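In this document, chain identifiers A, B, C, D, E and F correspond to the written order of the chains, with residue numbering beginning at 1 in each.
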Amino acid sequence: MALCLLTFILVTFGLLSSFVSSFDPSPYQDFCIATSDSKAAVFVNGKFCKDPKLATADDFFLAGLNVSGNPLPGLGSFVKLADINSLPGLNTLGISLVRADFAPYGLIPPHTHPRGTEIIVVLEGTLYVGFLAPDTMNPFKTQSFTKILSKGDVFVFPQGLIHFQYNVGHTNATVLGALNSQNAGLIVVASELFGSNPPLLDDVLSKAFQLDKKMVKQLQGLFS
Amino acid sequence: MALCLLTFILVTFGLLSSFVSSFDPSPYQDFCIATSDSKAAVFVNGKFCKDPKLATADDFFLAGLNVSGNPLPGLGSFVKLADINSLPGLNTLGISLVRADFAPYGLIPPHTHPRGTEIIVVLEGTLYVGFLAPDTMNPFKTQSFTKILSKGDVFVFPQGLIHFQYNVGHTNATVLGALNSQNAGLIVVASELFGSNPPLLDDVLSKAFQLDKKMVKQLQGLFS
Amino acid sequence: MALCLLTFILVTFGLLSSFVSSFDPSPYQDFCIATSDSKAAVFVNGKFCKDPKLATADDFFLAGLNVSGNPLPGLGSFVKLADINSLPGLNTLGISLVRADFAPYGLIPPHTHPRGTEIIVVLEGTLYVGFLAPDTMNPFKTQSFTKILSKGDVFVFPQGLIHFQYNVGHTNATVLGALNSQNAGLIVVASELFGSNPPLLDDVLSKAFQLDKKMVKQLQGLFS
Amino acid sequence: MALCLLTFILVTFGLLSSFVSSFDPSPYQDFCIATSDSKAAVFVNGKFCKDPKLATADDFFLAGLNVSGNPLPGLGSFVKLADINSLPGLNTLGISLVRADFAPYGLIPPHTHPRGTEIIVVLEGTLYVGFLAPDTMNPFKTQSFTKILSKGDVFVFPQGLIHFQYNVGHTNATVLGALNSQNAGLIVVASELFGSNPPLLDDVLSKAFQLDKKMVKQLQGLFS
Amino acid sequence: MALCLLTFILVTFGLLSSFVSSFDPSPYQDFCIATSDSKAAVFVNGKFCKDPKLATADDFFLAGLNVSGNPLPGLGSFVKLADINSLPGLNTLGISLVRADFAPYGLIPPHTHPRGTEIIVVLEGTLYVGFLAPDTMNPFKTQSFTKILSKGDVFVFPQGLIHFQYNVGHTNATVLGALNSQNAGLIVVASELFGSNPPLLDDVLSKAFQLDKKMVKQLQGLFS
Amino acid sequence: MALCLLTFILVTFGLLSSFVSSFDPSPYQDFCIATSDSKAAVFVNGKFCKDPKLATADDFFLAGLNVSGNPLPGLGSFVKLADINSLPGLNTLGISLVRADFAPYGLIPPHTHPRGTEIIVVLEGTLYVGFLAPDTMNPFKTQSFTKILSKGDVFVFPQGLIHFQYNVGHTNATVLGALNSQNAGLIVVASELFGSNPPLLDDVLSKAFQLDKKMVKQLQGLFS
């Protein structure tokens, strides 16, 4: 199952790669459609723009957000994005959409978006969702904010906080979300820590999670 | 019909009143839930925050985005918002959601959002949507970017540009959208210009729209 | 006259093409003078910079804001800009100037600036100016904020709101304004909606303005 | 004369006190008119807002920018502002205007605006203006960018750089300027350093300006 | 040891509670010293300001960043902050300092700062530090960026990415760091996930970390 | 001595050339390592990025902040930077570090950072530090905020305000500081005004500093 899970994470979140982002720099013009063919390996903060004379409605368009991929074995969820990588007209405009589908008991595991707040609405199914926040008055405690959501329910995950979505029903579930960045970023906590390349020193993971080193090695094997 | 239209605009967009917003100022803390009861008539840029010790998951939650109100006669559309006014947990977080429903040939008339880009996905039906942008190389021309959208299609309306959505099918249509502001603002062009209180000098409207003054008065009557 | 008006809009606002802008992204250096000759068709958010070693005082200089062009027949106004397109030293610095001249009864028709607040001072003459804002407590109403201005009077048009300036005196008038963007954008409401290319579907304009389709076609003819 | 100069600085720039500002935080609403009477001594970043229901056109209006005060003896210049302190409708909107009048050989001495770029246009007269910038390629050198300006000439002073305006003609001169902040700040270099209260340790000023301590004491007397 | 570790986290990071922050909203004035006594339970985005007439140098001052607390048993590290909570003059100014001390093999466990980039310099000792980033071209992989640092070495942890610091030497170590926020936030991954109150559903943690539920319960016991 | 002083300023602050910066535009991606070899003379706001596939830990690393250069004769201080010019991984991340060393009675002369607030901690020695701010209620007065600092003391210099650091002890002193910009800028008041190339008109300096023209010429000789 571990392999499936890993595969899932790769396949699911590969799509998500620059998923969230909020408070992007403001635009200097009405629009600046992203282009990648700007002569070889130069990069700027964000993307180069297409010649605005060549802009068409299709630059602001993307089809297919009504259909999902197959929920992956292991995690049982699938994610599809309309962000700067799939919708070049979003460049400099600071927003993106996401669709997530869940098989029964499917999970989008705990993660953060470094550059965006996420707001979701449930289209189908029943989900247990939530985020974690340090208690502002007593930093020695973490408070969880969780909720069971049904069709039509809306929930907010504030920027940078760890959050997750889990299908607690025995039917499929679908969520539509938005993030206030063209490229909000995605940090999947468990797979980053245990599956990084090169792997982290096991002392760090052992001490941080209070796991013995054999267990750490085992998890590193599962996630790598 | 004019009365219906007006009623529609009032009812529909009343809800929308501070609809769009992008590139809001960044937050200074993990969250800052809006509160209105801060002792009478003091206002700040944005909203006051609730004591974070009293925060609960319900502050980040809103139900009912799966159901619409009745599309209004006249325009034949209805809009429902999840923004700072209905979802206080959004305060300082720079994003909001919107659901729009259309009867056959229903319209959301041309408007702008001063503080937000909008991205939409069609849940049901067939819509003719678009925005208008001055040609960057030849400012003497306005270019329209329009598209017929079906289920699952995504489209972007860049910040501050005039845009609209029109149901060209003979069935109902539903759209879900997001704006990168907690309060993006809403400027409905026709009803603002012809329905303002006090009314604008008719010379201004007559010259701007190349309409004779009798026609201007008539429109002002319809929209006021 | 329609032709004249159109010509006017083209000629006058062509100059204005990226007229307004506020809250541009901050600079990363003391200055970054715009350059256009960076090898063909690459664009970034904003403009490329000139080599700072080659900067001179002339990059921050523009002559001629004391003289106007001829107020155009039809609208009777003329606009001259000191923005990123005419003053390359403004790049990344977030401000621009504008001079507007009015023949008797000359008009700058209702428009918005998507990226800037405008503040003006009257140098000569008497103008009726104003902007429109949705009522914050009762979004079913639009409030107009208008004022008759004389020499030395200052007025503010908040970012993104529809505003206009109209010479109500029988003498010429001149206004100097500033916008907090190097490229604030310009959306002239009437000419965008009725003069776009390709034209908008007449259903949209007819329903939005409560005009019959014959009238819509006639206006589209006048503005195109 | 020193006394006059000091008086001038106090009188002239007192008005200027928070003169410049650019890249202010974005607004959360269409406008937020500043109010000072919010119950005693509470302050926020910026200003409290007036109840938007009570907004009127006069909140966005200021008269009198066509007339100057008397150019002060000593410096021979006078400055008048339309900023957040005199025009409450500017709150959160990120822009302000300034009018400066110069007697023959009148000076606005070297100063910076910590929160704003300034752009000026000459209405009357002939001025020697400029700013100073560290050479980006060779930081061991400071480059001056200066220019003689006549009527209608426009010049830009980038944010945070030291700049000045000096009337080199034997007639009066008038300048109109704009800054991209509601409150850009004003740092008058000489009077701050030599006139602060309490005075700076003379070692610091002596070493920094390569002046003997007697001279430092003398200047501190003139400016205090 | 688990108890010690937990205690450590509480004690150490309690101090850190709003640790990181970058790209805070810009200031509207020269300074705005934070005050807490603004009449009971009202909060704004950030903090209220002290009356600027009452400002003193001590508002911008904090002593004691040369001494550490006792490295805690369990983790063997201690953190001390100069941020908005201990240094009120930092309000609206967007920066803070941090000092971290490590016993041999002491650890600051993997964490993120939602609102700030961190830059550190080693004052004493030898540390293994690093951060994790999703591979931009192949999101299926996480890349680790780690380094052994000695005295005088500087390292950067980009905003929002998971990072850690571990003393690999058998002597004490000390680090000084800065974050570009007055309140950057702190998300300690392991203790948030396994120690939250109320605890997360064990299904979520079990699936995310590929641990059996007995192990999850055990970890939740250790961290709660 | 003047020559020494000048040399000092050149050598010391040459390194500092774009020293400060706060509230840089936000990043669009996890990181964007600066590169200079992007084909000749093209510049953008900030820096071009390195291909993220080629990123290594060394891009985020800089050695040697534990050692100083020789305090220069004349001023007796030396400054070393970890900013965008020496640490390319800082690009778009909005922070930098600085180390300053002082011989007995060494001075960092009055200066501003146009794009950053600075926060310092004393590592060794005793310093007289401070900044100058216009009195907000009575702009006719400048208030100095000064303090004698010892080991472990922290002090804040708000963005854009004139500040200085002076070693009042008869032993060496060392300070570590941070600025919330990758390139905060540096304006050394005295050397900019009296040492600019080309030199400023002596009338301006004479009137501004109340020095006779002979004295102005003499100072211009010393600083040029």
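Everything that follows uses one rule, which is that contacts are C-beta pairs under 8 Å (C-beta built on N, C-alpha and C of every residue); 3 or more make two chains touch, one makes a residue touch a chain.
In UniProt terms, the chains line up like this: A, B, C, D, E, F = Germin-like protein.
These numbers come from a predicted model, not from an experiment.
Of all chains in the assembly, those touching chain C and also chain D are B, F. Of the two chain pairs shown, D-F and A-C, the one joined by more C-beta contacts is D-F. When every chain is reduced to the mean of its CA atoms, the largest separation from chain C belongs to E.
Put simply, the C-alpha centre of chain D and that of chain E have 40 angstrom between them. Those residues of chain A in touch with two or more other chains are numbered 18, 23-27, 29-30, 44, 46, 52, 114-115, 130, 134, 136, 143, 146, 159-161, 185. Under the touch rule stated earlier, the contacting chain pairs are A-B, A-C, A-E, A-F, B-C, B-D, B-E, C-D, C-F, D-E, D-F, E-F. The part of chain E that touches chain F in the complex is made up of residues 22-24, 26-27, 29-31, 52-53, 55-58, 60-67, 82, 87, 89-90, 93-97, 99, 116-119, 121-123, 130-131, 133-137, 143, 145-147, 149, 151-161, 176, 178-180. Against chain E, the residues of chain D that register as touching in their complex are 18, 21, 23-25, 41-47, 114-115, 182-183, 185. Within the complex formed with chain C, the chain A residues making contact are 25-30, 32, 38-39, 44, 46, 48-52, 91-92.
On chain C, the positions that touch chain B within their shared complex are 1-2, 5, 9-11, 13-18, 23, 75, 105, 107, 109-110, 112-115, 128, 130, 132, 134-136, 138-144, 146, 159-162, 164, 166, 168, 185-187, 189-201, 203-204, 207-211, 219, 222-223.
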